[in-house]
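Should a chain be cited, it is by its letter among A, B, C, D and E, assigned in written order, with residues numbered from 1 in that chain.
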Amino acid sequence: MKTAFLIAGAFANVLLVLLLAPWFEGILRKLTAQLQSRQGPPLRQPFFDLLKLLGKEDLETGEMPAVQRAATYLGLAAVLTTACLIPLGFGSPLNGAGDVILLIYLLTFCSVCTLMAGLASGSTFSMLGSSREVMCLVTLEPILAVAILIGAVHRGSFRLDTVLDGSVYASAAFPWSGLVILVVVVLSMQAFLQRLPFDIPAAETEIMDGALMEYSGPKLALLKFSQMAKLVLYSGLFVHLFVPWGAHLAFPLGWLLFWLKVLGVVLVVTVIAATHARYRIDQAIRYFAGLLLVALVALVLASYGY
Amino acid sequence: MVAREKLNQLKARFGPAIQRADLPADDRLYLFVEPAAMADICQCLFGELRARYVVGIGADDRPHSGSFLVAHNFAFDTDHLLGSVLTYLPADRPALPSIARHVPAANWSEREFRDLVGIEPVGHPFPKRLILPDGWPEDAHPLRKDQPWNEVPAGYDADREFAFDDPPEGCVVVPFGPFHPTLDEPAHFRLYVEGEVVRGCEYRGFMVHRGIEKLAESVLTYNDIPMAAERICGICGCVHNVAYAQAVERAATLHPPPRAEYIRTVMLELERLHSHLLWVGLACHIVGFDTLFMQSFRIREPVMWIAERISGNRKTYALCVIGGVRWDITPELKAELRQVLTQLETEWTAVTHAIESDRNLQQRMRGVGIADADLVRKWALLGPVARAAGVAIDSRRDHPYAAYDRVEFDVITASDGDVWSRVVVRALEVFQSIRIIRQCLDRLEPGPLQAEIHDELPIGRIGLSSVEAPRGESHHFVMTGENHRPRRWRVRAPTYQNLQGIPAMIKDQQLADMTITLGSIDPCFSCTDRLEAIDIRSGQLRVYSQEDLLKLAKDQWQ
Amino acid sequence: MLRALCQKMFGRSLWVYHANSGGCNGCDIEVLNVLTPYYDAERFGIRLVGSPRHADVMLCQGPAMRSTAKALRRAYDAMPAPKLVFAIGSCACGGGIWHDTYSVLGPVEKILPVNFYIPGCPPRPEAILYGVAVALGLVDKKVAPVKFKQLELPIPRYHPEALSGEGELVVYEKLEKV
Amino acid sequence: MIPSTPEYAVALAMLICTAGAAVTLATARHRALAGWIAFGVLALSGLLALLGAASVLLTEPSHAETLFTARRLGFSLRLYVDGLSAVFLILIATVSILAALYSIEYMQHRLEHGVGRYYPNLLLFVAAMYGLVSTTDMMYFFFIFWQMMTLTGYALIRYEPRKPENLRAANRYLWMMQLACGVTMLGAALIAHDSVVTPGGETLLRFDFDAVSHHLPQLLIDQPARVTLAFALFLVGFGIKLGVWPFGRIWLPDAHPAAPSPISALLSGVMIKTGIYGLMRYFIWLVPGSVQAEFPLMKWGLVLAALGTVTLFTGTAQALRQEQSKRLLAYSSIGQAGYLVLALGVCLTLLSSTQPLMPALAATALLGALFHTLNHGVFKSLLFLNAGSVLHATGTQDLNKLGGMLRYMPVTGGTALVASCAIAGVPLFSGFASKWTIYTAAIQGHAAAPILALCAAIAILTSTLTLALFIKFFGAIFLSRTSVLVHDLSRRPQPLEVGWKMRLPQVILLALCLFAGLFPGLMLQFLSRVLQTSRQGLAVTLADAVPASVWTGPSLQSPGHPAVYVPLIVALVFVLMCFFARWLASLGGATRRISAPWLCGYAVEGELNRYRAGHLFDDLKNCLGRKRPPAPVPLTERSAPGQPSNPIPPWSPEKN
Amino acid sequence: MSILSKIREAWVGIHAGRVTLPYPAQPRPVAANFRGRPIFDPAKCIGCGGCASNCPAREILVLDVCQELRILKYLGRRCTFCGRCADVCPEKAITMSHDFETATPAISDLQQQIELFMSTCQRCGRCFTEPTPLEKLKLSGYRFDDLANERWVFRSKSFLEGAPPVEDLPLELD
């Protein structure tokens, strides 16, 4: 019974991500277009893009095509596995098989696959992109990790369902640490999603999409989809950690509320992305490093019970 | 009397080396000097008299005088004087001392006539082939009169590689271009990158060479050339069109009617408007700020529409013929244009207010790609690049043409010399352009559009014309000739000089800054390259000879 | 079924790569203009991409130059099939004013198989949109070759065999706009 | 002769090694023969050691055996193999056997140097380590084994003495080890007591471990400062060996790359582990449980945790700047040693707490440390062997010159990938499991000492740095583009991939890595036997608190069950998703085509365009404190490349 | 304040609203004097060849098949729409239409060809009246432009005496 439930839950989560991620991307593009005084593409445009890419020729430019293929498959697999860990309106299916530490590492691994793909294709621009991506990753992922750890510290538990439930505010005293980390994560949200002003690893006008530059066809579709899925996953994670209110409502209400909140996050991200210029990598790293220090301070606050 | 004053100064100094001096007008000075004295005179002009270097021209004048011709043009901006130092070289030994050591800005010009006309600048500090591909045989110079415009010399070897310099120790070569999203046009930068930092670069441009000057000297006629000239560049086409026409009119002492001059001014300023708005958009696009890119293009679009209403095309206005213009601005168009300007002014004010305190944009643009006044002088940088460094040069004021001497406007300058200053200069110049157009519309007097031309144009006369393009001064040199076409027509686009300053500007910058720095000079490779040809460096992985290409193309068809 | 769907989506999502092989910039800017608010090609799923790997359509501007022929060919090879090539502007379609100078090879069809031509110098953004619409089969092309032949006053020394191509013949008469 | 007790087995192993050393010295002219003999000897002695260890862990520890006594001189060779020693014996035996097998082919091609200086030293080196982890003499035999290990190690590090940097590295190693030796012995002398004890009828000498332990409670009451000083000296001594900040960078990164690769594997995988062995032994096993109140456990724990955190961060951060493969690995060893020290610190800190669950967490932390010791021993040896194979095949360890090796060395590349994943803590691999254990213990332990959460966070932060590090290591050597060097080498008739004698050890280590990653519960269950079979000192408290019930074969849970990790289920989901992704990619019926890389059309891929490892993460390295490149030259002095600067003085308006 | 300027920038876009033209669905009128495709009126054309001689792109070709028959061919492919042909045409037989929707999969769709009977005087182009002395014919007399290869044959003049005849480019059209 429990196994069946688990399988059904995992299936539902994966399906939700598969179907909703392109929609959210579509919403993002439509809203961007509105801000740019344009009509913009139809909401289902990302589906068209992905389907088209699936049917296109797959150019293999690296010296090790098998690695490139494996990296793309692994990338999507990591994203979808993460999708099974994060509760998307329902409980997390893999709650019994992993905890938030696994989640932290898996989230990192999702980006690693993309940049392994870049490394395997080995072109100068891909390497530049991969290098930038690693630099962002190293300074960025710990911020999220600290946010989750603050929840874990407050709740004294690592379980996904316990931590991903507004746990950052669950301190005994006034949740100073929760508020601080909220600000930090809001300030770095664009970077988690690789949207402007922090889409430095892709930087189309500089290094032509960086790690993805050499990819085409189905592989590009998978990699692009992974990016879209991250939009949903990180937004969902943000909602769970920081905007938990109303999560325990009865099924249709709580579920709808969750997705509405995710939509809200996506909208804010879009507006910020549309009104900013890309930062330089050195500026970005300094910025992230500063945020990371603040996040660590928040963790100390949290461990002393604030 | 400035021209005479300068002539007297030079005469006192160099005496008999100056063989002849022409002063066709008070703002033009043509000095014919001995080849041996050329370098000294140029050095004196640049160093002591503080003239701005404009361009060097080499010409094959053998059919007419039996010798080669070299000219170096200088500008005295504050004195409103354009001058040219010319010298004839014997046909059997076309060589003269190089001036590039003393006048760095002459670097490319000298290498250009070395390649194209076969005149050797002796002692050039960097006599590497600039223009002709390595595949061209040493003795073939396409601009010599005995070479037909469509001849490819027998020794041409398409597969020979270009010999690049070695990168500095520890640097990776990042190839940039010819097809790169930041570059709208083909040009190749070989960036020497250390991590993310650009340590230097080698430029291998000149890929947009279409042989226009050769075509003009051998196939087209006087009134065809404006159509070719405006296709030198798709953005500042009208500038070349007007500059060419004015150069010929100067040479032939033709005077276009005042109405034509006002219309030229209006169209030039319309072009500046659309070019600056476009540039702001593209600069924002380069740093990833697509919303402002879109808004800037949205604001620009009415300018394109009104240009189309006036001239019949959005971009290539086909405006000038020798002696006048082809299109009139009717009262209805005038009213519409005023309306467009009002709307533009409102919207652009909103945009400039919005970006003036935008820290995000300034972080990307301040302190980036700095060209200070010294660099400006050294490489004779032009236009907004110079004005952003506080060097107030503007051909519209310094060398007035068309109706610019009859309108009021300010020359916008900034002081920092960085990309942000260039943004500021361009953004504010938009308002000046609006101001100029309004004045022109007020003063547009009725009259003919074209001067009556009854006789054929005189032969062997020189005309210089500087027109302030959106990117800086476009300089045209015309020597009238037989068969209804010029003997020599030399175009010096502003990017030709500005690009030479790029290696200094991008040195030790981040790779991300390199794109915006390059963008900030608003490079126009097609202007720069109008004449030059380039070879393709063949590689190890996949090399196509042109036969292969053809075969491949045919395979694809079947 | 999915396979067919994927193929069909090609028309709904065209990612374009613009390759200026030696043009004057005019067409480039008009292509950019097509993406901007007034024309907004993105509503048809058209996007400008930076890498030819991601592209479905190559927009060629400028004539085929000796200097960029190999690079252009490489860019074409770098695109995944199925791919289309649009020649935009008079240089790409026919080589422009300088079609026969020593550094120009001529129209881009000398290097690449061109699928659609959009003439103009430069073409208006609407013309480019129209060209895309023609390519997608949304509208029909409006042009066809026209030949007029004067048939009166036969003259004995007329040699019809010296003429090439017998298309639609239109007898000498006043014509409507084509 | 079958040894009757584990102690005899170890002694016999040492004897065999010593004898083998003589034999290999005699047969040094025949490289292969000497190699095979050394392998045989090490295999035999290793089997004996394994046997002994197994018998300890699976049954019960026997008693200490005194093999040799010189009462007048005050020392005796008394060996005792308990659970803790057994773990280290297993590690030493496994890695040394594989390193010996690897050496046969590896040394085959180093014709310029004789093997007479190699195999005998190798055998003695291993024998010394066996001795060091099983002797109970804190002074003389400690000194003898330590010196034996140091001197043979010195000989091995300066195996290629023609390179001056190798000599320098070896000398530095020698002096640091002597310092460590002296400091440790001084510490022992400080807390040794003259009176003779005879527990269990056996008379112990004053420097015997048990004797010291026996006297410690009294000493703590009488002279706490003296004890503190002694333990500080132990910390310094073993810290030097382990490479703890600030000692690590003095010798470790120079010594490891200088030695031949199998020796590097032994040095990094095994030898430095004697440092953590010493720390554990002295800080936990030496301190009797009865003095828990007097002994400042909390303070020592926090000191160790802080040292560990600093070590892991600085070590990894410095590793990021390295451009030599083995040097990079050496720095990363410092970083990983930090995790061990951190875990030990967490263990000590939590031991002092009286809250419920804390002893269980302390035990978890200690087991995490042991687990990570084993894991690190395995994957770091594997990585050094990988680097050695690459060095063997290409003759360079410069990451800038390597690239695209995966095509030519699939086995080496594949094992390196797994080892990199393991060390970087990718889920499903062994490093993640042991780090997971340490993190859960540390973070859950924040209730006892809040600062531990910060340490854990920094450790997690550092593990992304490790990830970056091994992306660089693996990416630069095996991915990227084929470099000119590799391209030229691949043209030779013989394949680049190393022979089976070098591949087999890598594959075996790979299997160990994978096993530990997929069945961490099993490993922890096994390791918890360590505490059960070495009940002495504080370990008794730990042994009683071991939460063994939360570790089943495939799954891990932390004490109190707030954290859970079941690698098998995650792996299952992951593999399914991989297949799904693959199916998704095949939906559109896309065809494949090989194409040249896109470099903007004009340039083609060449060596100059190859983005080099040294340039990866430059801005990050700058941010982590590398000096910024020299300030840009003032504009007036710049000139375009290839063009001389303007001879005319810069133009100024004042002139003329 | 940076955030204020961001709001201002967003406001610029929001204030303008959606401006996208419904172009392919609804045609948009072009400017009155828009220079679209030139249309040749064979009823007016006298075959003087002035357009051919003044075309900067040299894409109006003239082939005198024989004494009395002249073929004028407008290629359309490299037309720059400058309107010079319409300007100089003495009979105003060329008009610049408003036609810009000329995209086509085959470039030959743009060709316009006129075959005319010529009287003796007209064939040489001397009847072309120059608007100014600058429009003098580049080529006159019989013309044998290469219609198949779409090339202007520049045979009647060369610059220097004794210069070799112009070689064709090594690459030929398909």
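Basically, a residue touches a chain if its C-beta (ideal position, glycine included) is under 8 Å from a C-beta of that chain, and two chains touch if they have at least 3 such contacts.
Owing to the predicted nature of the structure, the values given are computational and were not obtained by experimental measurement.
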Path length in the contact graph (chain B to chain C, fewest steps): 1
Graph distance between chain A and chain C, where chains that touch are linked: 1
Interface with the most contact pairs, given as the two chains involved: A-D
Most centrally placed chain - per-chain CA mean versus overall CA mean: A
Chain separated most widely from chain D, comparing mean CA positions: E
Chain centre separation in whole Å, for chain E relative to chain A (CA means): 55
Chain centre separation in whole Å, for chain E relative to chain D (CA means): 78
For chain A paired with chain B, centre-to-centre distance based on mean C-alpha positions, whole Å: 48
Chain B and chain D, separation of their C-alpha mean positions in angstrom: 64
Sites on chain A at which at least two other chains make contact: 35-39, 51, 54-59, 61, 124-125, 128, 204-205, 208, 213-214, 217, 274-276, 281-282
Shared-contact residues (touching 2 or more other chains) in chain C: 3, 6-7, 36-38, 40, 43, 50-53, 68, 70-72, 74-75, 77-78, 80-81, 96-97, 100, 105, 109-110, 121, 124
In chain D, residues with contacts to at least two other chains: 587-589, 591, 593, 595-596, 598-602, 605, 609-611, 615, 618-619
Listing of all chain pairs that touch each other, if any do: A-B, A-C, A-D, A-E, B-C, B-D, B-E, C-D, C-E
Chain E residues touching chain C - in the complex, by the definition given at the top: 16, 18-21, 23-24, 28, 30, 37, 39-43, 56-59, 65-69, 71, 75-82, 97, 99-117, 147-148, 150-152, 169, 171, 173-174
Residues of chain D touching chain A in the complex: 403-404, 406-407, 425-427, 432, 436, 439-440, 443-444, 446-447, 450-454, 456-458, 460-461, 463-465, 467-468, 471-472, 475, 479-482, 558, 562-566, 569-570, 573-575, 577-578, 580-582, 584-599, 605, 609-611, 615-620, 622-623
Residues of chain B touching chain E in the complex: 63, 145-146, 148, 150-152, 218-225, 227-228, 231, 291-292, 294-295, 298, 305, 308-309, 311-313, 316, 318, 321-323, 326-327, 347, 350-351, 353-360, 453-457, 483-484, 546, 550, 553-554, 557
Partner chain A, residues of chain E touching it in the complex: 6, 9-10, 13-14, 16-20
Residues of chain B defined as touching chain C within the complex: 133, 142, 147, 149-152, 158, 178-181, 184-186, 206-212, 214-215, 220, 227-228, 231-235, 237, 278, 281-282, 293-295, 297-298, 301, 304, 308, 313-316, 524, 526, 533-536, 538, 542-544, 546, 549-550, 552-553, 556-557
